[in-house]
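There are two complexes below, and they share subunit A, which is joined by subunit B in the first and by subunit C in the second.
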Partner chain A sequence: MLDQTPKEIVVREGLCVNPLKTCQPVGALYAALGVSRCLPHSHGSQGCVSYHRTLLTRHFKEPAMASSSSFTEGASVFGGGANLKQSVKNIFDVYDPDVIAVHTTCLSETIGDDLNSFIQELDLPDGKIVVHCNTPSYVGSHVTGFGQMVAGFIRYLAQKDAPKIDKIGLFPGFVNPGDIRELKRLLALMNVTAIILPDPSFALDGPMTGTYKMFPPGGTPIADIVALGGVKKVLALGLLASKEPALTIKSRCGVETELLPLPMGVAGTDAFLLKLKELSSQPVPPELELERGRLIDLLLDSHQYFYQKKVAIFGDPDTVVGLVAMALEMGLTPKYVATGTPGEAFVVEAKALFAAHHEPLDGVRIKAGADLFELHQWIKNEPVDLLIGTSYGKQIAKAEDVPMVRAGFPILDRYGHAYHPLIGYPGTRRLAELALGALMDRYDRDCADEDLDVVM
Partner chain B sequence: MDFKSAVLGKYNARIYKNRKDHILEVKEGLVQKIDANTRAVPGLMTNRGCCYAGCKGVVVGPLKDTCVITHGPIGCGFYSWGTRRNKARPDADGNNFIQYCFSTDMQEPDIVFGGEKKLKKAIDEVMAIFKPKRIMICSTCPVGLIGDDIHAVASQAEKDYGITCVAFSCEGYKGVSQSAGHHIANNGLMKKIIGTDDGGLLGPRSINLLGEYNIGGDGWETERLLKKIGYHVVAVFTGDGSAADIARSHRADLNLVQCHRSINYVAEMMKTAFGVNWLKVNFIGLSSIAKSLRDMATFFGDPEIIERTEAVIDEEVKAVTPEMAAYKSRLQGKTAAIFVGGSRSHHYQDLLRDFGVKTVLAGYEFGHRDDYEGREVIPDIKEDADSKNIENLTVSPDRRYRAFLSPERYLELKEAIGLEEYAGLIRAMADGGWVVDDLNHFETEEMIRLLKPDLFFSGIKDKFVAQKAGVVCRQLHSYDYSGPYAGYRGAANFGRDLTMGLYAPAWRLVTPPWREVESA
Partner chain C sequence: MSFVPFDVLDERRKSISKGAPPACEKASLAGAVSQRACVFCGARVVLNPIADAFHLIHGPIGCASYTWDIRGSMSAGSELYRQSFCTDLREKDVIFGGLNKLRAALAEIAQIYRPKVIFIYATCVVGVIGDDVLAAAREAEAAFAIRVIVVQAPGFAGHKSLGYRLAGEALMELVRPAKTSPKVRAINILGDYNLAGETWIVKNYFQEIGLPVLASFTGDSQVDDLLKAPLARLNVVQCAGSMTYLAQKMEEEWGIPWIKASFFGVADTAKALRETVDLVGSKEERAKAEALIARESSQAQKNISPYLPGLAGKKAAIYVGGGFKAISLIRQFKALGLTTVLVGAQTGRPEEYEVIASLVDRDAVVLDDANPSELEAFMREKGADVLVGGVKERPLAYKLGVAFCDHNHERKVPLAGFVGAANFAKEIDLTINSPVWAHVKTAANLDFAGKFVG
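Take a look at the complex of A and B:
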């Protein structure tokens, strides 16, 4: 496996090998699936949306519906206005969503299609809506694309002078349906009412009932996005994924907005609960404190298996920062921390976590804009005991015979993972259990027969 | 109301006009015409992919001894990395580049100021790190739009490094589906790889296996059979394939064509340039395998091989018969719909028949009229604006042209085993079956509702749609991470997978008991 990966590192300027990110449009598509009765639409050649639907379906094991402007060479020369017009008419005629959420691609961006004017010129059926965002594939990554789409909904729909309501706005960031459900649980326990944008639970963890619905129940209602302008405050989770939505709601509607890391790990969850406590003026309920206590109990009970274990953590920036926090709390030693998404803020955030835990940075590599090839080379030079990250890491796990725990996006080779949160206390509890299982199984596999302990 | 009227009845005038000739009911004995390989209707949710997917994803991606660089923003390379299950083992030099994704990961400045410099740098770095003998470059949409001359970069790389470097202008917007990319890839292989190595001896009864991508190990199972009978497989296009093998493939005695759509261009060009006859085969389904093997034996006309063929068929059939029978007893009488790329919707009907499963609807994502109606319609297919943009490479007989058959024997065999012929999908279907080209999401939902197949064979985008509607859906692109399905062993695997899909215990648990009480 990966036998052509040499140990010696050559500086690369032109070549990306085994990427640790993908392009903006797939993130935009995912975000749009979290809006009620919305059909995501890719303005470009039809291969893009085919790939994006495929990736999302493989991650969630759920249908991911989206349409395309199906550009041909002609449209690429003369512009995609006619294709968009035709698409919108056909989509409302045949599929009848309430809203079409258009995102651009590198194709439509390179030819300079002006989506604002295209959309203004559309003749829409009564009550139907078309929104858009710009997601050129040669900028950012799927994570920023996600943020662009959420911001697009806000730009088109959130009303500046919406009536004030006793709710907060919550941007959950690029997370799984299981995380959304955990966020809802925390909000309910803290007695905070929130408009969550987007809400992909149900759309991407739908139950089996024997009936297929193209637009399943759930998702953020349009009316809620309109009403966002009147919320008390917006909590935007995920420093990168929710950055653009946070800026947009603040500048457009003047809503007080706070951009926070994903509530991952004990301290991260504590901080989030304190925020909610501030908003609801109610104490943290005993139920959550007990849950927290059980988690700390688990971490202390099992600490000896984590001590001095070196771990490589890779995936999307917001998630990886959260995973680093979790790893540090467990007592693991994060050795390599990598994301493919560009942006030095990631490095700063990750380093701050080391500082907060008084962990030295000697020998630690933290990199944004990295790829899995480079991570593999680091590991070849100085090995680690555990990998925590996305499915493509399994190649490295096999090549170097390192145990691996899957977390983040995309996870293409597991079922049921998206039901489980990574956020909140349950997120850390699960990751700790998975990491322990992986490390202990490895010990059992490798130890001499006489060292096999039934009790650990 | 029949399926076609029901579907078309819900369309607006423009979609109606476009779609009406893509759907037909099979009438045995009638020559039927279908619209295919035309533009998808924007917004209608086609399952199709793009030209790049056909070129890089399908045809050149599986070459294990070649570094295939995707020139473009990161997405295209990422999505086509390790996702198609085209298995490969390292080549003689220990190389297996299909585990890797090479991309220029173009950023905004590359789009504004041009990406050639970055591509050159990427090639330099590939050479410095991986030292391949061959590099291929596949373009993505923006590359064609900004006018990067990837062909010039490739020529320069050949001069600088003494390697073979092939550039494919397979921008996603070209053509109307993956199909354009297959054609572009075929042209590139013909121009730059096929016939570039005249060294070494080939064994007797040398063949190439074309249009076999070794999904789930299909190619390996097929090769096992062929070798067991006594054929020398020179090159496989392109599953577990290598450009080094393809370079020698022009000297083989016969080309076998499994997936007609994606590789028929190479088959035709090799016939013209090097005299290699081609035979349409199908190694999916017991009767099809036997027919293919017997046709091959007839082609070589060697009594020993004819005898060996019968012995192998007999032995292989016997080995799977008990298992096949067990699955057939649980599958007999079920119905299926198949919607896959450009050949499997035909091939798998033969295998389903082995289990007593009737195909009620079949269609191709990106087939052409000849894949539906047979190759004889090719002269009647009108070029349109989209197909005109794809180069039609003209080749002439090479100095190494060598016909395996005498002219008389050729005529005889052309009739007997259908050399250079393909009869298409429609003829394979029973009266009253539906054929739908480029089945879209709406039509899929309607198909499930109206035709109620027990089994639906499609891809990952449809899988959970069908499953949520209560219909077992098996992916015929990836085999749901199972396989092989080719060959005799593969047929049994397929039967096992259908049986487990139809009889998964969880199907009985869908309705909670309190609901059952309510509805009783």
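Take a look at the complex of A and C:
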């Protein structure tokens, strides 16, 4: 596996090998699945949506429904307006969602389809809604696309002078259903009521009931998106994924908005809880304090196993930044930090974490717009003890015989991962346990018989 | 067609029938939640298993990411094909043209990897902005002394079947310069992608019979093997949906006759082996084939029989890519004691649906290009116990309380040949008779306070 990857690094200007990102539309589709009774719709060729549904199904092990404008040669010449019109009619006739969330593709963007006017010209059934966002595949990545879709819902639906309500808005960023559930738990414990947009829990971690619903319960209700304009404040989590939604709600509705990193790691979770405390009149309850204490206890019990262990962390920018924070807190040394999503803000953020932990940057490589081939070459030149990242890293793990912990998106080769949060104290607890297990299993596998110890 | 028990579009009604062939070979409706893919996907899945070729996707990142090592094809040699190579076109490339990036990528490939052959797949955007991909390919061939074959596969040009045809054209372009005589006593296998090692099983059968396999299109293939293909006496075509075009071209240009053959199920495998040796085998090879069939089918029956009591009387639903595979599956289910109550294909042909209709009961539902809500409604109506399908159908089946077997890219055990027939019985048993279903059933009767929301 990966025998052909040479150690010698050459500058590549045309070739991307083993990408560490995918395209905007799949992020848009995922975000749209987090809105109540919404059918995501891909305005492009039929293959796009087939790939997106497959990827989401492989990650969540759940059905992921979406429709397509099914472009033909004719549509690519004359424009996709007729396809969209036909699609919207067919979708409301047969599937009957409350809202269709259209995202564009590289094809419809390149031929210059104007979705704003297409949608204005639609003759919609009463009470039915169509929203859209622009997600050309040649800009940003799936994470950007996620943000674009959330912003699209806000642009179409959030009421400008909505009545003031005693709630906050919470944009959770590109995270798993398990993270959403953890956010909800923290909000409940802090007695903060929030409108969460989007909320893909239930849609993508649905329980087995023996019945199937094309539109599962859950998801952000349309009425809540409308009401977002009246919230006290919006907390937008994930500096990249939630940037566009944060800017949009602020400029459209004038809501006070704060863009924060994902609440990952001890300090990240502390900061988030303090933020919630500001918004609530209540102190942080003992339950969370005790939970934090148990986490610190675990990190102390195990810190000697992390000391000076070098780790490569790769995946989506917001998640990777959180994972770097966790690694630094545990005492691991993040040697390589990579995301495929372009944008230097990621590098700045990651470097700031090193500075905050007084960790030198000598020999550390941090890169946005990287691919896994390059990461592999770095590792070939100077190896690491552990990989933390997405499933495609397993090829490197096998080639270089390095243990690996799966975290982020996509994870295609494990089950149950999306139930577990990476955020909050439980997120760090889980990552610490997984990382410890991986390092210790490796030690047990490699050590001499006389060194095999039942007590560690 | 009033039997359709729920709201479908009028246009879809013709594609759904009972015990009769449905209308097919139609474009999917705009707005449908179709299970189908695109032209690029068709070309990519056929060509990607060529293990030592370089598969370069010229376009934005998505098409490369989504098709990276998802095929499940195995190779005994190079692992190059399991990586993802792409020009990752960005906005400025779309505006100013992607050719410079493509040229750079080709030069970098030549520098880093020195491959024999590069396939360039041009995707949707490239089809619109009009990069002269062919010119870049010719330049690279001259500059680096490698073969560069262009597959113009914009997704919008049609559906998956067109992609299969484009792959066939690319394969012809690859093989055409090779020598075409003298013929040798050997065959080619077409349309087996070596999922879970299935090509190896079939190859071993022919090896034992004395008819070696020269080239396998494209499971476990290396470029040099494919170049021997014109010397074969017969093409044995497994996945007819993807390979009929190539078989026809090879017959036309090199005079190689071809047969359709299925290696799914004991009966079909035996039939395929017999038909092959009847056409190109000697008396001795026929005898060897009979000996192999006798030995292996008896072993398979022995391995299958423990599963039969657990499978008797169960109802099966089938949703696969092509109609030809569906035919084998219906027969296989029958042999295992299951009744097929629903058959669907993404892209079936009229003649295949004719056969399907002749094999199933009069009230079995037959659908072309089915969507999830149709699958759901008919599985429910027919009371299917198990669905055979691909990745997108799996969680749908589970949510409906229906067992599932992947007969597509995600199968992990070989389902072809005699050994595969026994594996298939085991796969169906393990999912139909899983202890987990008991918990699903008891959930409804538990006296828990809260019912499921919704």
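Methods note: the second predicted complex is superposed on the first by the 456 of 456 C-alpha atoms of A that agree within 3 Å, B and C clash if a C-alpha of one lies under 4 Å from a C-alpha of the other, contacts with A are read in each partner's own complex, and residues count from 1 in each chain.
Heads up, the rule we're going with is that a residue touches a chain if its C-beta (ideal position, glycine included) is under 8 Å from a C-beta of that chain, and two chains touch if they have at least 3 such contacts.
Predicted, not measured: the structure shown is a model, and the values here were computed from it.
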item: Joint occupancy of subunit A by subunit B and subunit C, clash or fit; value: clash
item: Partner chain(s) touched by A:Lys335 [first = subunit B, second = subunit C, both, neither]; value: neither
item: Subunit B versus subunit C as contact partner of A:Arg430, first or second or both or neither; value: neither
item: Contacts of A:His103 with subunit B and subunit C, given as first, second, both or neither; value: neither
item: Contacts of A:Pro217 with subunit B and subunit C, given as first, second, both or neither; value: second
item: Which of subunit B and subunit C A:Arg181 touches, first, second, both or neither; value: neither
item: Subunit B/subunit C common contact set on subunit A; value: 1-4, 6, 10, 12-19, 21-23, 25-26, 41, 44-48, 50-55, 57-58, 61-73, 75-76, 83-84, 86-91, 93-95, 105-107, 110-111, 136-139, 141, 206, 208-214, 340, 373, 392, 395
item: Subunit A-touching residues of subunit C, taken from the complex the two chains share; value: 7-9, 27-41, 56, 59-70, 79-80, 82-91, 93-94, 100-109, 111-113, 123-125, 127-129, 154-159, 372-373, 376, 391-392, 394-396, 398-401, 440-441, 443-444, 452-454
item: Subunit A-touching residues of subunit B, taken from the complex the two chains share; value: 10-12, 14-15, 39-53, 69, 72-83, 90, 94-97, 99-108, 110-111, 117-126, 128-130, 140-142, 144-146, 171-178, 385-386, 389, 441-442, 445, 448, 459-461, 463-470, 506, 510-511
item: Residue ranges of subunit A touching subunit C (in the complex, touch as defined); value: 1-4, 6, 10, 12-19, 21-23, 25-26, 39, 41, 44-48, 50-55, 57-58, 61-73, 75-76, 83-84, 86-91, 93-95, 105-107, 110-111, 136-139, 141, 206-214, 216-218, 340, 373, 392, 395
item: Complex contact set, residues of subunit A against subunit B; value: 1-4, 6, 10, 12-19, 21-23, 25-26, 41, 44-48, 50-55, 57-58, 61-76, 83-84, 86-91, 93-95, 105-107, 109-111, 136-139, 141, 206, 208-214, 340, 373, 392, 395, 412
